[in-house]
Amino acid sequence: MMRTVIPVENNDVLGAARGFLKQLLEKEIVEAVLAPMETPSGSVTPALVADPALLDAANPFAPVMGLNAARVVGPVSAREPRGRIAAVLRPCEMRALVELVKLQQAALEDLVTIVVDCPGTYRVTDYDAMRANGGVNQDDLLAAMQSGEAAPREGYVFRDGCQMCEKPHAEGADITFELFGANLSAGIPLSLPDELAEKLGLAPADGPGGRAEVVEKVAAARRQARDTRFSEIRQRLANEGIAGVFASCIRCHNCMTTCPICYCKTCLFKSPIFDHDPAQYLNWAQRKGAYRLPADTTIFHLTRLNHMVLSCIGCGVCSDACPADLPVARVFRAVGQDLQALFEYEPGRSVDDPLPLITFREDEWTGVGEER
Amino acid sequence: MSDESFEPKIVAFLCNWCTYTGADLAGTSRIQYPPNVRIIRLMCSGSVDPTYVLKALLDGADGVLIGGCHPGDCHYQSGNYKARRRIIALKEIVKQAGLDEERVWLRWVSASEGQRFADVVTQMVGALKEKGPNPLRQEWAV
Amino acid sequence: MMSEKSKPRIGVYVCHCGTNIAATVDVEAVAEYAQNLPGVVQARHYTYMCSDPGQTLIKEDCRALGLNRVVVASCSPRMHEPTFRAAAQEGGVNSYRTEMANIREQCSWVHHDKEAATRKAKVLVASAVAKVTHLEPLEEREAGVHPGTLVIGGGVAGLSAALDVAEAGFPAYIVEKSDRLGGHVAELGHTFPDLEPTADWLAPLIRRVEEHPAITVMLDAQVEEVAGFVGNFEVTVLQGGQAQQIDVGTIVIATGYQLFDPSRKPEFGYGRYPGVLTTWELEQRLATGDLVVAGRAPQDVAFIKCVGSRDIQLGNPYCSRVCCMVAAKQAQMVRQALPETRVTVFYIDVRAFGKRGEEFYDEAREAGVRYRRGNVSEVYRRGERLVLRVEDTFLRRTVEHETDMVVLAVGMEPRDDTGVISALLKLPRSADGFFLEAHPKLGPVDTTTNGVFLAGCCQAPKDIPDTVAQAKAAASSALIPLIRGTVPVISETAIVDAELCAGCGMCVDVCPYGAPALDPLWGVSRINAVLCKGCGACAVTCPSKAICLQQFTPEQIMAQVDVLTV
Amino acid sequence: MSSDKPAALIIGAGIAGIQAALDIADAGYPVYLVEREPSVGGRMAQLDKTFPTLDCSSCILTPKMVDVGQHPNIRLMTYAEVVSVSGEKGAFRALVRKKPRYVDEEKCTGCGACAEACRMHGRIIDTFNQGLGMRASIYVPFPQAVPLIYTVDPEACLYLTRGKCGNTFKCKDACPADAIDFEQKEKLVELDVATVIVATGFDLVDPATKPEFGYGVYPNVLTGLEFERLSSASGPTAGKIVLDGKEPEDVVFIHCVGSRDPHGGIPYCSRICCMYTAKHAHLVRDRLPDARITVFYIDMRAFGKGYEEFYDRVKHEGVLYRRGEPSEVYRRGEKLVVRAEDTLLRRTVEVEADMVVLATAVVPRADEAQLAESLSLERSPEGFFREAHPKIRPVESSRAGFFLAGCCQGPKDIPDTVAQAKAAAASAMVVLAAANRA
Amino acid sequence: MQDIQQFANEIGLDLDLLACIQCGKCSGGCPVSITTALNIRFLVYESLLDALPELVHMEELWDCTCCFTCVERCPKDVRPAELIITLRNQLVESGKIPGTIGEALMGIFRQGNPLGLAREDRALWAEGLDVKPAREGCDTLLFTCCYSAYDVQSQPATKALVRILHAAGVDLGYLGTEETCCGNEVKRVGEKAMFDEMLVEEGKALLESVGARCIVTTSPHCYNTFKNEYGLEGIEVLHYTQVLARLLEEGQLKLSVPVEKTVTYHDPCFLGKQNKVFDEPRAVLRAIPGLNFVEMDRIRERSLCCEGGGGRMWFEGTNTEDRLAFQRVQEAVDTGAEVLAVACPFCLAMLADAAKVKGLEEQLKVMDISELVVQALGDGG
């Protein structure tokens, strides 16, 4: 890996980044770039861009997250034949991508991953409101990367997932945009493989030091915020039980639909297994006196926990998508924290870490099951 | 706390080769144990889907017993090792979700351990009586 | 939703099993209860459902009432599932649409309380009905067979089994750990109950094996790995550091036993007094004619029986079956060799049960061998001689019996490497440590692993006639698939619904047999049914349940759970 | 039954014959299974539980009986006897006499209407139940019989013995299938077979040859087999251990009745009595928890897998084992008295009993000598068929191509019988395979 | 039979009469079976038959030394000696016990020792030895057998042991006059109630209150009951020979002065057979420079009982002519040993007395192992 700096002129950080992406196409390093693009109406959405000219609309720094882009990397990368693609991702999206690769829903073979340090993002609704009402403070956020004190625009908050994200920094990608600790008006520091640098004509250059410290500062604050949320949600789970916490769930499955890890074609809970006979509902109602509908809400969440929580990378889009405003991400992240610790598993870290539930060691938990 | 008249209901998922056979052996040996356990035969403890366990708990089973071969004895080589991880994960989730993970028991009982099977059931019934009924049995909003 | 055609029409059959069930469970009430369960068309009870009239009852109902599913509430499915599946099939119901409620082993035999047992039996029947409602028909399947049998162990058991297989025209491979054939028996000079020199019959047996064109003998060899299944085992044998693969259809385990080490019974002073021998050591001495102890022929020889057998404290509660006769043989031979020597056998019970066994015991006494009833407690020295301290329970007196030679009739134990073979072939062991037969009477040489059979003392102690008979029995079981040329393979395999499969490949990772693989074109999992052993590991791993194990689908099991939690 | 392959003949359809037949048939060879009784099952069908696991005999046996009845490669010939076998290994010709059942095997449905109607219903001693119950002249030996076809007992039928049964055949009138046929005659059938397995089983010594035990004098002195029927759920008392309507308080078992007794009985050990007595003692304890149970023994021979453990278990259930062979049984008031020296006490004792069970010796079948002659088989001195070599050829008989299975070669318990039957099957398969190649 | 079995279970014994197959292994190994009328196999049989004679007439019940050879060897795990303990308990309940045993029990009840000597005098042996009172806190608590404390024949061994432990730098404390009989024999003569309710209940609290890491006993009898029957929490119980062997191995105890003697060793039943401590006493003797260690024939699991256990210290037995100790000292002499080493105050008393009666005193000195070790200490002692 080589460290280098992309020059920034006239304080146009975005322009410099767009220029870099264009180079990838122009130098035929990739055939298309998957990047957040500003639509003519001003919204931001991922798009697969083949024409370098259109990359003028790309915005790798747009502080908004409607979906986890790992979900859209899958379809364009998973199977052959496929093109060579560069994908611009947030750190949480990169982690999700790693998990999806393990689940064979995406492949890294012909993919150049570009991950950008993330100061935090707004919900789509907030982002749109901000645009209509004085603009998004994207430049302020970029400027604040140096100190790590990026703050949302007054009157707005970052997404709940971002507020408790302790891994906002880019890592594990082919190309990392290392914004934390950098004075971006002086250039964008990045790391990339030597052969890519050579093709792009980039020479090694040391960026500013101190990224690690800034990242740690941001992460520490996030951890604090996270832990507060975790202890609060754990308390609620203990008191109300999961059924209580999810009492107002309407079983719309939005959390599952937006979850980058939930990769099933058809969810078990939409299959005939949970399509009960009418008489069965009556039977249950008679058995318990009453029966909550839609049915199987609690077991849906518990099973989803069971299926994916070890791989939960904490992007938090599930909460954003919930029409009932349930603390889905908090629950999943809190439960995930314990489970991941139990199996010493860090989702998104490396494609070489096996998924915990399809492997085992003979010499672990040897006392379990042998109790006399 | 314990209610003398309370008879816990235990749903047991037993592997065909070891624990189910062990339960049969308890029978052929006429070893007595409490009638609270209702057995579902599966081929391997490694095929006990956590969803089954969750369903049993949410439906109001007072206990769920998962029985398999001792480590190293799995008829399918490693099903029980995988089951061990899966059930440990499940119990953690159950606990975190505010349910009672102590109602879920994983026990290795071999085909020759009829007495152990009876002992496990006896112990489990005792422990569940101590705990009292599964509150979810009466809970309609799950 | 159920189509009209497969709409359940269930027959429920509650067995009394004589009084085995009926004495504890109110079978009539159970049948009455079953009659009202959803989908049940007919519920009956009968003394013995497994009997011909019982089965006829089921078959006739199937036809007359147009049943499409059958539930039998009786014993364990491990006992009679094949019986009732066949009966249903004959009645026109797909055999896989039968389900058993185990109300004997898991109900009537383990509960005294009649009310509770009846209640439980009802629930178990309801659970079976719930499951059978969701069962789908399956077809019987067969697989080809590698013609040949692997015999592990080259003792008398292994030799006998191999010879039968070979004589019937199939290759047999004997894998023997040591450098010679014949096992323990080759170390015996003579055999009871006729004092025949062992070599007279063993040498021709070995020669026949060695010269048989269909038998391959591999000495100094051991089985390293066994893959595959009945009819299609792939065995890796290690011989002289070289691994080679043998494909066979069946396997006979004839690994034998090891002798009890009497130093675990310190009271006998074995290893401390040169005059204390094991029966094995005396056998060697008798062969060479060297019976001298401490420089002279013994004037008194005493045998101690049950050394390492019938001993709960040692963890060997079982009888070793041969020691009584071994002692009777050696006692007679000592009398023959040294007519002036007093020979005494100390015993608890004389177990002379085999053909000509009692007569042989009679002959020993006629030959002047004294039998005294008492379990010797201790051996110590007095001057040049040894003293046995023992209560003669007929005299009701503890005596000190002075002697010159003490012979310990050591019992048999499972070999130390029983665990290795057990792990290799997934064979369970019984409480005594020997291999566990599938059923002591239904299948005394079968194991829980199809196609693997037991011969000789690896299953339990045995004398030579019983060992040979059992070895030939194992050969019979081993020959059946070879002669047929096909073996039935399980139908209850995993299947994939390609519509649901997202191609994550976790099933491929968890399957120990390599049955699932991702289709490179479609990116979905496919299962090679021949390789699938039906464990269900893939199904439980698949989050969308695109894979299901037939006969154990989520619908079926959740329907059971639903009933059982009521 | 496929006819293009060489066939095996098996004489006797007890557990040994059944097991051998199933093995050979499973391998694809045709089997003729000839049984002289109206049903297959043999002695094992008469047993209640089996030691040491206590699984019920019916539960193990009846499915195998059903299997031989239905197996496509097995031709069952019940109520038939082998008259002679000529030829040699690979090419035998057997002559089989099929006795008339006086019931058409094709028509009979086993409904039992005939037996209900029979004038002798409830008046004929039920031999299957060891005389502890009664049946009709037309009968099936037990309800689970295979085939379930009724048979007229020629020695009990009024018509067959007296030539007249009232003015009308009650049975014939009752039969809805019109199956009863008094015109049936004995039939001789010739069979070509490559090999023969002899599995004719055993008899039990007549305890009257040991008059000191008072068998036949005192109704509460039983044989072990009678006890089996008494404790069997399908027996005459439906499994209740009662004599004359009363539950015994004191039960005494006596080992080695006839066995190990060259003087008055047989010189050899019958091999199974120690364990079946232990099982009986357990069954008494199970049904009558307060009974006092004493077993008199000489040597406790618990040698098989799990047997010593079973003996340990029975002792723990409070069965008293006393060493000494009783010398005499006599009456004192309401009770019987068993007189024996308890050799561990060194004292002669009198033990009171309400029921005495004799573990009678296993002996060769009464017609073993005759069978040996007609089949040209040699016998050992004690009368059982002689094996070619006790150690390496335990199932080969003295005649090439003939093999021995089960107790016709010597006493054996069920596991050993099944193993030996399979061994005989293996030897037979070797012959069949050779004949098939030829 | 059921009565006896039930009674045995009620008093916490694992006796299993029904398991018995009358093989005679117990009676064959019973050390007093030849010299007395006691036939334990037959007692079990009579119990099974409900044919026991009246217990008061069975004086031989008191011959049992509770060596537990029968228990160790019984193939069916009947635990025959526990039948005797059971029957003794029944006798005790009805007050029918030999007078000398009654006196010993009274002594324990009143003064905390079977000798009936004054409690205040229990610590007299320690005068001048500077043993720290346990109350001041100690790592190792020395527990002296009543005989080690009071019996003049045993006291030298006790003193020697203290010197050795001090020389090895062990932080040693003792209970002084607070020390009370361990009750091992009390339990075995059938005084279950006194053992449980008085000795264990009070003794356990007392021993645990010291806060020592380990307890070292002079007697195998105290060792046995503390280790196996008291249920002491967090305290290691050791016989002194185990401590010495450990100190020697770790180099904390150094023996430099040669003791030029031929020595043999007698295994105490409560240390050897019952607790499988065979090697440590031998290791200690072998570590003594100059000492020529020889073995008798009947050793370890086959050691002959001295007849001092199971209350026999307080009851002579029905055969005073053929005492096993006579046989034992002769066996020791036959090895050519000058010293018969013992590791138990009972063995010391029984064997020393036997040597005296048999006139072997000149040839054979009966000594405790600690008395030999202290000689090898040199100045350190």
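List of remarks:
The chains carry the letters A, B, C, D and E, assigned in the order they are written, with residues numbered from 1 in each.
Criterion: a residue touches a chain if its C-beta (ideal position, glycine included) is under 8 Å from a C-beta of that chain, and two chains touch if they have at least 3 such contacts.
What you see is a predicted model, and the numbers here were worked out from it, not measured in a lab.
Common neighbours of chain D and chain E under the contact rule above are C. Listing every chain that touches chain B and chain E alike gives C, D. The minimum number of touch steps linking chain A to chain E comes to 2.
Nearest to the common centre of all protein CA atoms is the CA centroid of chain C.
The greatest centre-to-centre gap from chain E, using C-alpha centroids, is found for A. Among the pairs C-D and A-B, the greater number of C-beta contacts is found at C-D. Per-chain Cα centroids separate chain B from chain C by 28 Å. Each chain gets a centre from the mean of its Cα atoms; for chain A and chain D, those two points are 77 Å apart. A straight line joining the Cα centres of chain C and chain E is 49 Å long.
The mean-CA centres of chain B and chain D are about 44 angstrom from one another, to the nearest whole unit.
Multi-chain contact residues of chain E (touching two or more other chains) are listed as 19, 21-22, 42, 76. Annotation for chain A: residues touching 2 or more other chains are 268, 357-359.
Multi-chain contact residues, meaning those touching two or more other chains, occur in chain B at positions 28, 30, 51, 55, 60, 72, 78, 82, 86. By the definition of touch given earlier, these chain pairs are in contact: A-B, A-C, B-C, B-D, C-D, C-E, D-E. Looking at the complex, you find that chain A touches chain B at residues 234, 237-245, 247, 268, 285, 288-292, 297-299, 302-303, 305-306, 309-310, 334-335, 338-339, 342-343, 356-362, 364-366, 368-372.
On the side of chain C, the complex with chain E involves touching residues 266-267, 269, 306, 310-314, 348-349, 373-381, 389-393, 396-400. Chain C contributes residues 76-78, 102, 104-107, 109-113, 116-117, 119-120, 123-124, 127, 423, 426, 428-431, 436, 448-449, 492, 510, 512, 533-537, 539-540, 549, 552, 554, 557-558, 560-562, 564-565 to its touches with chain B in the complex. Residues of chain D touching chain B in their complex: 53-55.
For chain B in complex with chain A, the touching residues are 50-51, 54-55, 58, 60, 68, 70-72, 78, 80-82, 84-86, 88-90, 92-94, 96-99, 106-108, 119, 137-142.
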